[in-house]
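Below, chain A partners chain B and then partners chain C, in two separate complexes.
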Partner chain A sequence: MRWLGYVVRRLLMAVLVLVSVSIVTFVIARVIPSDPAAAWVGPHPTPAQIAKAREELALDRPLYEQYLRYVTALLRGDFGTSVKSHQPISRDLRNYLPATMELVLAAMLVAVVVGVPLGVLSGARKGSLFDHLTRLASVAGVSVPTFWLALLLQLLFFAKLRLLPLGSRISNELALYNPIRQITGMYTLDSILTGNWAGLRDTLVHLILPALTLATYPIGLAIRMTRSTMLEVLSERYILAARAAGISERAILFVLALKNAIIPTITVLGLSFVYSLTGAMLVEVIFSWPGLGTYLTDAVLNIDFPVIVTVTLVVTVFYVVVNLILDLVQAALDPRVTLR
Partner chain B sequence: MERPAEASVAATPTLRVGPQRFRELGLMLQAFRRDPLAIASLVVIAVFVFGAIFAPVLTPYPRQGLGDPNILEKFRPPSLAHPLGTDNLGRDVLARILFGGRTSLSIGFLVVLIAVAIGAPLGAIAGYYGGWVDDVVMRVTDVFLAFPSLLLAMAIAGALGASFVHAMIAIALTWWPWYTRLVRAQTVSLRERYFIEAARSIGVRSPTIIVRHVLPNVFTPVLVQATMDLGSAILTGAAISFIGLGVRPPTAEWGTMISTGRIYFIERPWLAGSAGAAIFLVTLAFNLLGDAVRDAVDPRTRRAAE
Partner chain C sequence: MSEPLLSVEELQVRFQTYAGRVHAVNGMTFEVGRGEFFGLVGESGCGKSVTGLAILGMIPRGGAVASGRIRFHGEDLLTKSDAQMRAIRGRHIAMIFQDPAATLNPVFTIGSQIVRVIRQHTSISPEEARRRALETLDAVALPDPPRIFRAYPHELSGGMQQRVMIAMALSCGAELLIADEPTTALDVTIQAQILGLLAEIRRRQGVSILLITHNLGVVAETCDRVAVAYAGRVVEVGRVEDVLFRPVHPYTQGLLAALPRAGQAKESLLSIPGSVPDGLALPSGCAFHPRCASAVELCRSGEPALTVVGPDGHRVACHLFRREGAA
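Coming up: the complex of A and B.
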């Protein structure tokens, strides 16, 4: 019963935050610019364009009415028109969002596979050289400018070793001779679903560098979080009992201890999932990855204001929803949360 | 009736709290001296700050650092005359890095300063008064925290137009809620303490209590948080400029240098390479320093270190 109350409270709060978020983006789009109509149609507008935008945005109406129109349009999925592509932004989003999702999910996978074991070992050998090096690496992971690391990786793996492609999602030859039929828009998934193994291989090869770059931050987080919870868990009595019973050290670390140490790490990784959505903005630019980030930075260069505001809004909605899910999952796993 | 009481008593509790505060800073410094990584970080930061302040004296090419092109010498690889090579306009990259430090470091410092200036007083007010004031302030922070900071900063910078000042304002606007939360939590526990109750009981007005008794006592945690934030603030500033929403050319800035240099990166890696290394080193140093400061302040880890 208490859990239900918590869920309802948490849902209401999420709705409240979403409404406020829409107010903030409304203010950014319609109130801050000195001439919102001009900002909405892009650089070098004609007087006719401006007049039309004034009408569309209802700029002569009071603010609250403008806001209501803005929100009803959003709820219908109408985000306006891109200044550059002259396409409805909602259609552009359908193309770009899956690419970004694929990249971010791949990065999270790398973060778990690399970060968690390193954190476990680092916690188990506290104070050792390995521990110090891992800790330094994890701080380095959260300090490195990803857009710079991406360049270094390109230099090494593309220019020097000639192992991996420079950028983009698939090679031109594949797009020409063996195109991936789109179902979800995530190429790895689509190529598996359609049994296009050449496509899968090509997609993965293109995914490695961007995913690795994007993963540096969550890897650092995963290491730090796993290490600190491992330290706590390893000092508990059931671990001592397991040692006394002669269970192998590997089983103790990776099964008995990790089982309890992993929950906070998952929460942190969930949060860094949304953080990585913004991180992807920078990584995509370097790797010419056709996702939200490329879309957004192009919009910035072309002063495509409707797109800038929409991408901000969309990613923020993701942010709020993921936070909500995490809180609910945590409440389900740990009943103490609902007491707060 | 109220006025004279305030004037005569208000100073005393501050005096009593003062030494406590300095004792904490002293302990911090002690724990600090034993941490080689923290000292190394301080040295790195000092070198960059020194380089930024004395940039015009340190480089033989101060005009190029400020932005004057020197086309005849473009894309020279690193040499004795140009230790880090020259850029696409023939400017000495080391000079650009030194001058760029002025912009990038000041963005970081100013962002944190603005964020503290907005966030700390709001947090103290919310925590001290409680009730609906607290509710309103905290819900506002919830909204700002709901935005990914880089994105909100981009949208604001987009609305205001690209410039150094706008980028700073935009980042600071996404940063202040963290300080509000931190200071609020501290204030809530402080307001139950005897010296605040004493001040209140003799009729010191609330604004005075907040300014003279609450804010000075949250100084240490705010300082710790600020140190930990400086690295990410510099990194975010560089990211905003990299995208093209921050500092405009010809002003030197590290993020902008990477964005220019990336076009030539495969053949001429020294341009973006050195700017990125500068960002990385400074951010790493601030993050390590922040960790060290936190460990030094946290009594649990401090005991572990002793």
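Coming up: the complex of A and C.
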């Protein structure tokens, strides 16, 4: 298949990217004037304790040797230990990464389901009241401050209407009586896989507000992007020809035009997804969502370099993979795109 | 001629633009008979395409029919609803355009595009629609229909793309095919092939063809009858032999005199002085009078009506002829 060779080549290139990123982050982590050994030991250390920690952490070794040790450990799935919590980072990742993935994927799903149709209709009815309102909504979605919207939603749906929970991923009762057996760490998926319907319901109820909050920005993006490419596509002659052939307006907009117009939208949403993996920090904090953004922020505040380096690598992997997927999707949608 | 398949009567189309009101079509009148190959010729901007789109009920945004009638099978199309017109388009009246490369959707296969049109207008199964699509591809003399069916538009040459468009237009058995400059974007040899194909399809399937073009040579070769349009109005109409070989209107005469002929030196080519009027501000009376060498006072004030001047419906809209005829 024409895809296979291409994918293999792209993955090999991805390895190169990862090696470079790991070197750069590693070096930055080491040359910044701060002492990981001191951080490791905790408050008020004695010089002897620091020296011992330095040896334990192999900080007395040459830089290249430290890097090689680090990479060898990585290949065994050992991301090192958090300086702050003294916990293996891989264990933290198993909790935080799926939590974030679940939140961000839900937000992206909302963005596609809401933003794309609005963009299509708004482009199709350019200049109408609907178009003006939708564009207003898209500007609002992109520019409304996340924390303000989050607090507003909490006030409305938790405090006033008592419809939705304030935060966290599941309720205490569920954790007690109907715990979700973890497979992927994404609770929606796990509860479906294990047939835990009470768990699914509880998870979804907790997911609504943070996902909506996080989705406002990509919804705005999706509307804007879809609308502008639709305007371009709808003025194409093949759309005129489809109308002349009596094709229904719905098929023209949502099949014939949209397949031509969707690629830029998918691209910005893909990149927005990668950004949100660590960029959803505010939403995570406000909704007590134990995610990667919070984890990274804590690590930065505590100068917890092993964590910083690891999260950077994880995000890089996502970036590379998402870009590859975007290219494949583009090739699948447009036969004129050649994979090289 | 018995009742024509299509008759356009005193059609007026106007566009509201920022610059003002554009008179795109100003009393277009002509008839296309069953199985007839009819040419609509005129210079750029004289309202040919807008007339074609008006027949399909697809006047671009900002434009509207101001008056007139469009009858198809005797029924007035201008009174039909959007849904009724959508059911007529592609099924009873089909249209093909200039530049087939831009007219086919680049991200769908040829087959899926034809099948979509067929399934839009009939309730046959996907397999049946596929079979019919393959048949129509075969009917327009495309080699290896199954391969073309699977191909994407960019994998075909311009001539093949236009054949595909014709196949798609005829896939639901349309009685009228409006072809708007179907060969302008193609090489000369391919042009001749496409025109030959249209002529053959007309002969074989009895489809009426309304060929929109600015090329009198093409009309002379393919059409039975022709209407010459100027500033959105038909100035002369009749059988090709009459209009092109015994032209009466000074504009038609000018157009024919401007045609290059074998054995004629370039510099002796005549062209009509002046330029095509702007739809924003049409001349009074006969729109052609500012460019007409024989214009008289009456031409500036009164609009001439189409009057029969010869056999087989040869008609012309010109005061001069009337005067001569009356004299």
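Quick notes on this structure:
Here is the rule we use: the second predicted complex is superposed on the first by the 278 of 340 C-alpha atoms of A that agree within 3 Å, B and C clash if a C-alpha of one lies under 4 Å from a C-alpha of the other, contacts with A are read in each partner's own complex, and residues count from 1 in each chain.
To be clear about the criterion, a residue touches a chain if its C-beta (ideal position, glycine included) is under 8 Å from a C-beta of that chain, and two chains touch if they have at least 3 such contacts.
If you're wondering where the values come from, they're calculated on a predicted model, not measured in any experiment.
Once chain A is used to superpose the two complexes, chain B occupies space next to chain C without a clash. Residue contacts after overlaying the shared chain place A:109 against neither chain B nor chain C. Using the contact criterion defined above for the overlaid structures, shared-chain residue A:260 touches chain C, although it does not reach chain B.
In the superposition on chain A, A:147 makes contact with chain B only, not with chain C. In the superposition on chain A, contact is made by A:308 with chain B only, not with chain C.
Once chain A of one complex is fitted onto chain A of the other, the partner contacts of A:316 are limited to chain B, with no touch recorded for chain C. Of the two partners, chain B and chain C, it is B that touches more residues of chain A.
Taking the C-alpha centre of chain A as the apex, the lines running to the C-alpha centres of chain B and chain C meet at 80 degrees, rounded to a multiple of 10. After overlaying the two complexes on the shared chain, residue contacts for A:240 are found with chain C alone; chain B is out of touch.
No C-alpha atom of chain B lies closer than 11 Å to one of chain C in the superposed arrangement.
The intersection of chain A residues touching chain B with those touching chain C, taken from the two complexes, is empty. Residue ranges on chain A touching chain C, taken from their complex, read 236-238, 240-248, 251, 256, 259-260, 333-336. Taken in their complex, chain A has these residues touching chain B: 13, 16-17, 20-21, 24-25, 28-29, 32-33, 39, 136, 139-140, 142-145, 147-149, 151-152, 154-155, 158-159, 274-275, 277-278, 281-282, 285-286, 296-297, 300-301, 303, 305, 308-309, 311-312, 315-316, 319-320, 323. Chain B makes touch with chain A in their complex at residues 37, 139, 142-144, 146-152, 154-156, 158-160, 231, 235, 238-239, 242-245, 255, 258, 262, 265-266, 269, 272-273, 275-277, 279-280, 283-284, 287-288, 291. Those residues of chain C that touch chain A in the shared complex are 56, 58, 86-91, 94-97, 99, 102-108, 116-117, 120-121, 152, 154, 165, 168-169.
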